[in-house]
Amino acid sequence: MNWDAGLPLLIVATSLFSGLMIFFLSEKHVVARTTLNLGGAVFKLVLVGVMIWGVFHGHHYEARLPLLPGLDLLLRADAESMLFVVLSSGLWLVTTIYAIGYLEGSPHRSRFFGFFSLCVTATVGVALAGNLITFVLFYELLTLSTYPLIVHRETEVARRAGRTYLIYTITGGALLLVGTVWLYSMTGTLEFAHRGFVAGLLDTHRVSLIVVFVLLVAGLGVKAALVPLHGWLPQAMVAPAPVSALLHAVAVVKAGAFGIVRVVDDVYGVEATTKLGVSGPLAALAAVTIIYGSLRALFQDDLKRRLAFSTVSQVSYIVLGIAIIGPIATTGGLVHLVHQGVMKITLFFCAGNLAETLGIHKVSEMNGVGRRMPWTMAAFTIGALGMIGVPPLAGFVTKWYLGVGALDAGQEWVVYILAGSSLLNAGYFLPVLYAVWFKPAPDSWPDERSFGRFETSWALLAPPVVTALLTLAVGLLASAPFSPLQWARFITTLEYMP
Amino acid sequence: MSAVLLYALTGAGLFTLGLYALIIHAHLLRKILAINVMGSGVFLILVALGGRTAGAVPDVVPHAMVITGIVVAVSATALALALVLRVQAATGRAELPEEPLE
Amino acid sequence: MNEITSALLLLTPLLPVVLAFPPLRSRISHPCYIALLPAIVLLLVPSVVPIELPWLLLGSGLGVDGASRWLLAMSVVIWTAAATLLPKPGNHAADNRFTVFFLLTMAGNLGAIVATDMVGFFSFSALMGYGFYGLLVSGGDKTARRAGRIYISFMIAADLLLFEVLLIAASTTSEMAFESVRLAVSGSASPGLYVSLVLAGFALKAGVWPFHSWLPLAFRSARPAVALLVGGVPIAMGLLGMVRWLPLGEITLPGMGLIIRILGAAAIIYAIVAGVKRSQLKLLPAYTAMIATGFFSIALGAGLADPAVWNQYGNIPYFFIVSLGFGMVIVVAAICWLQTDHHAPAAIVKQEDDPSLWIERCAGAVVRWGGKLGCETLPRLRSAWLAKAGSLLQVCAWRKAVDAAEYSLQRWILAITLFLLLGLVTVFLAAM
Amino acid sequence: MQQIPWEVMLILLPLAGAMACFLWPRRTLLFGLISALGVGGCVAGLGWRLLEQGAQRYAVGGWGAPLGIDLYADGLSLLMLIITALVGLGVSIYSIGYFERRQAILFWPLWLLLWSALNALFLSADIFNLYVTLELLGLAAVALVALAGGANALTAAMRYLLVNMLASLCYLLGVALLYHNFGSVDIAILAQRVEASPAVWAAMGLMSAGLLLKSALFPLHFWLPPAHASAPAPVSALLSALVVKASFYILLRLWLEIFPQTGAAPGQLLGVLGAAAVLWGGIQALRQTRLKLLIAYSTVAQLGYLFLAFPLGSSFAWKGSLYLLLSHALAKAAMFMAAGNILRFCGHDRIADLDRVAQRLPVTMIAFSVAGVSIVGLPPSGGFIGKWMLLEAALRAGQWWWVIPLILGGLLAAAYIFKVIGYAFTQAGVLRQTNKVPMSMEWAALALALAALLLGLVALWPLSLMEIGLPFGGSEVDAIQRAEQS
């Protein structure tokens, strides 16, 4: 096996092995576990860096493992997968640091970090999957590896949340599987290709193709939390904060959205999607999700639930961008994959900090907390403003591309959706910010812990600050080379240019 | 009606009778007896069908089969009887409980 | 030389942002003045080459031309004046935060002036807007918070409208510099939508009548430093935005021009009437500003109705904005002086008991209404259904049915008998 | 050079081991393990030869058909032997820790006898031999169930025995009919002679009825849950993993080689029953409050999957069904072993009171979960591959409705598996005394579960093994015949 085939495998394997090794460590081996965690994360990031370098120098990274006659497990580095790999491996490092700080002194850490690593393995696998079957494989692995994280608290509530999560995701996975097999029985191949691989069947298998599309999108939509398949997401909030961050920003939700990107762009191809007439309904569904999620977020007092519904809304921007069908809007959707990740992870880190440091779980308890934890809340502010789409933060760039793309594709209604969503985003974030910064603080916090020098422990503080700065950077430097936006543009070029 | 057919029909009759008894009777000993009757029916059919070519030397293979079958049936019956005793010792009755296992 | 001016251009908005970080600021004295230094130096440089920043945002540029030099000068003066009114640096948390917002607003303001493209202007004015909101609210009383809430509601609405404007502009041209957008829009099929959106957006931002309601509140309650800034920061930047973004001097929209002129006149009349009715010294600047923006609207309407008129104006609109800023500073300063030294009696103002705005009340009503309508319960119910699929099976009726079926299978008479009788019948058939 | 008769050794070695264990009870463990390892070696040897030389036929004592006993080994039987050896090794290791001395001296001889019967069954080349081995298998299995003692186990064993005898008699009647009509019991010869006639139909009906009864296809599954749930854990593992599969194996051989031209209707009927089994077993499993009963009903459901290949009839579908069989054998054995560990650990198997077993018995719980992944059919696992193949076959054949039970069954399986896992992660109200579980028991379960998982990644290898010999690959003779016909 040469180096070009080995690298994708190695990238997947780094977290797999560190995860498996962590399982066998006892609770007491904090140093060994931390070393393994961080070592795995850093090593993966380095490997991803090598891979980016290689892709730029014309290397073709591809690893195949025969699964069934004519059907391979395929890991491949293409433009889209690089976008997602960089996102997941980068944010994994940050989240790992955060999780180490967050879970300090709590029980079952070996189990937690083991599954945590498996979860990232699955995400990276989803990103690098070169065909639909590989995608399905890692997609299901993701379901399985996140379940123990959701029920980690060992409470009855956690068990119920886990059950809801599984009912949704396993059903979704089953639909995805049926769609995949059906597609395979028609096409005889499942390998992702620019502009898709179903073009030859458009005339003969029209209805089947539509049904398969619906099956695939329904299966992926569960994880991407498209309305009405979003019910698991708010419930899954019982998990510890790093898990919520991971679920919402990097792994689960993104895997669903990324899958829809793959289906539209690389399985069906934009042309076939348009010809089949499925892009319109998909865009409408995404629009409904955007508005509905924001509306529901307005009603929530629990901070994490509010953020969860915000995720429901925000992830659909990705789907919307893809479904509008047009180079600019697609760019917007793809870049939001990264932008939403960075912003939402910041918000969840901050919510976790509040819970861990002061015992605050509700929006109504957040009055004046900006004075007690200025750094955390500054990060939170940047994330929230980014979500609203305030320039020059990340969310603005996304909305810009979506809006311009929609006008470019002649779909003006999208602009109103964007405006309405921004309004609603402001409606559920700005009161929080107001309360945080301008309302007087209460005499005592619900459950305050002291961490010495900083407002909270450094491992909890550094990650949100870093991701908040990233939120600023990806927006401000959107047009710089190597920015997510440029990368998304590059992908779109491949997809749309002849 | 040839003798062969007569034997075969008798065998089938025994088989049905045994089946009927197996279903109807609750006592385990009767059930075991019923199965043995069924077995005899099958053996009868086998032996009878061995003589299908009238007049010639009967086919020996079915006979070998029947002997094997009898050996099997005897050992199975022995095991069954032993089990009946154990069941009776454990439950106080030589019958199978009707309600499903909790 | 070019490199130096480029650096200065970059530093003009950047330095205040950097200094806004408390750790960076705490080491140096007088951060608010130092933050203004690049802008001051820039004013002294005779010719400044604009710079292109293709990596910034969606490709931006910064530069100073004749008109914006004046604006910059005005801003520097206003900010310096406001900085003198700031409380002495102390460890008090609220003041510390106040300084942060002060510097952020400053960065937004200076940046908006030197921006040469629409996205840059939009971003800086958003920064300025949120910063100014912080200034209004921070450490203020109930009225100030109310003013802040109205202001930020207007600002969000304005940002949404202007975002649409940007999208329209982007779909007509790929170049987002003011000049090219102006040309492209005036050449496009229906500039009416564009123009009205720009007008509405910046009117919201600048507090032009009828979107003025926060102005009197702000002047009534805000600190002197903030009151000083109102004229130079939100109002001036709003008017500047209109001038920069509208394709004035290129297109002819008589109908719209007329409407705007009527609105401007109405604003003046309203301001005079209201000002006389509530003769209160502190509110004077608010009504002055409204009258000034009314005049500006009339001029703008004339310019829209006839491009030739606008082209005759030349740089006059910029000077108008500059003088408006200066004028406001002087008025506010005078009032401050009067109040602090002579204790001019302030009229008793009716205090609002309910601090919430009508828009918040509406939103609250929608929320409650939505909750009652079932928007809240329906999805929960549905997910509960799904989640309870397992426990549904434990329900009595189910269990009985399943038990009964399993029990009859246990009896197994039917199934076996059927199977075997079928077989036997065929046996007989075969043997016959 | 004389070839080593691996086939005969496969049958005689465990038989001799059983005898030895019976005669020298003190050395039970030693003899048992030696036999287990030896069988493993023999399977490897046979597999090596099959890979080199293709399907093998061995006439015992040199007599040959029709009078003598022939042994026949092709890819299908080799796979069954391999899976038996794997599960057998796992169970052997597991039972070292499981049984106390008094039970061990009863368990080992019976288990080795069962193994011997299984091996003989998979190697038999004629349908009468199959009857004998089936009976041997049944008797050994019944005795093993009764080993647990107690009223539940004894009545379950009794019921099991009656069913076994009834089924065997039905089968024997079918054999008699076939012999009467075609004058042979050799599968290969029958395959050439059989043509559709009422007698063949009757024989098929009788034999299928008997075999279905033994394979516990819905609605003939009533005996299975009590028997499998009340037996000792290693025995449950053996019964669920191997014993029910043996009768399915015979059915498969008959169906593929002797009755291929029976038409579509019976196949559809079996498919419908299979689908019903999948759903019924799933729902029943979900209802259970006891872990072992849950797993037993899961077996009912999983056996239903195997029958979904009958209506499809394509070679791809058969292979998918076989693949499911293999992975189910490994996974279900692991699952029953894990349940045994939990039972030993907690002293009960009430699902709602599992009380953080996931943390306190991690290896076992991992084994259970990994096996569960395969049972549910999630990738990457053998269950997934099998399900994928069945799905693809159904869609290719245009019989999309079989997708529904496949998918619903998977969802039900997920529901009941994760019900257990969920409770295993949750704290229960009352803390109870727990017992220690030996390492060997935990790791044996895990090893089998991982093997089921691995089966999902090395699918090409078993699939290519299936190609050796008759049912799928076709022997040379077969190929020549087909060429002549066309």
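The letters A, B, C and D name the chains in turn, as written, and every chain counts its residues from 1.
Quick note on the criterion: a residue touches a chain if its C-beta (ideal position, glycine included) is under 8 Å from a C-beta of that chain, and two chains touch if they have at least 3 such contacts.
It should be emphasised that the depicted structure is a prediction, and the values quoted were computed from it without experimental measurement.
Hopping across touching chains, the smallest step count from subunit B to subunit D is 1. Located most centrally within the structure is A, per distance between chain CA means and the overall CA mean.
When every chain is reduced to the mean of its CA atoms, the largest separation from subunit D belongs to C.
A separation of 92 Å divides the Cα centre of subunit B from that of subunit C. If you average the Cα atoms of subunit A and of subunit B, the two centres end up 67 Å apart. Averaging Cα coordinates per chain places subunit A and subunit D 43 Å apart. With each centre defined as the average position of its C-alpha atoms, the distance from subunit A to subunit C rounds to 29 Å.
Shared interface positions of subunit B, defined as residues touching 2 or more other chains, are 15, 19, 100. Shown for subunit A are the residues in touch with two or more other chains, namely 163, 167.
Of all residues in subunit C, those touching 2 or more other chains are 389-390, 406, 410, 416, 420, 427, 431, listed in ascending order. Every residue of subunit D that touches subunit A in the complex is listed here, in rising order: 356, 358-359, 362, 369, 373, 376, 378-380, 384-385, 387-389, 391-392, 395-396, 400, 403, 407, 410-411, 414-415, 418-419, 421-423, 425-427, 457, 459-460, 463. The touching residues of subunit D, counted against subunit B in their complex, run 66-67, 128, 131-132, 135-136, 138-139, 142-143, 146, 149-152, 154-159, 161-162, 164-166, 168-169, 172-173, 175-176, 179-180, 183, 185, 225-226, 229-230, 293. The touching residues of subunit C, when paired with subunit A in their complex, are 22, 54-59, 93, 97, 119, 122-123, 126-127, 130, 134, 137-138, 145, 149, 152, 156-157, 159-160, 163-164, 166-168, 170-171, 363, 367, 370-371, 375-376, 379, 382-383, 386-387, 389-390. Looking at the complex, you find that subunit A touches subunit C at residues 160, 163-164, 167-168, 228, 231-232, 235, 295-296, 298-299, 370-371, 374, 385, 388-392, 396-397, 399-400, 403-404, 406-408, 415, 418-419, 422-423, 426-427, 430, 434, 437-438, 475-481, 483. In the complex of the two chains, the subunit B residues touching subunit D come out as 15, 19, 22, 28, 31, 35, 38-39, 42, 45-46, 49, 52, 59, 61-62, 65, 68-69, 72, 75-76, 79-80, 83-84, 86-87, 90-91, 96-97, 100-101.
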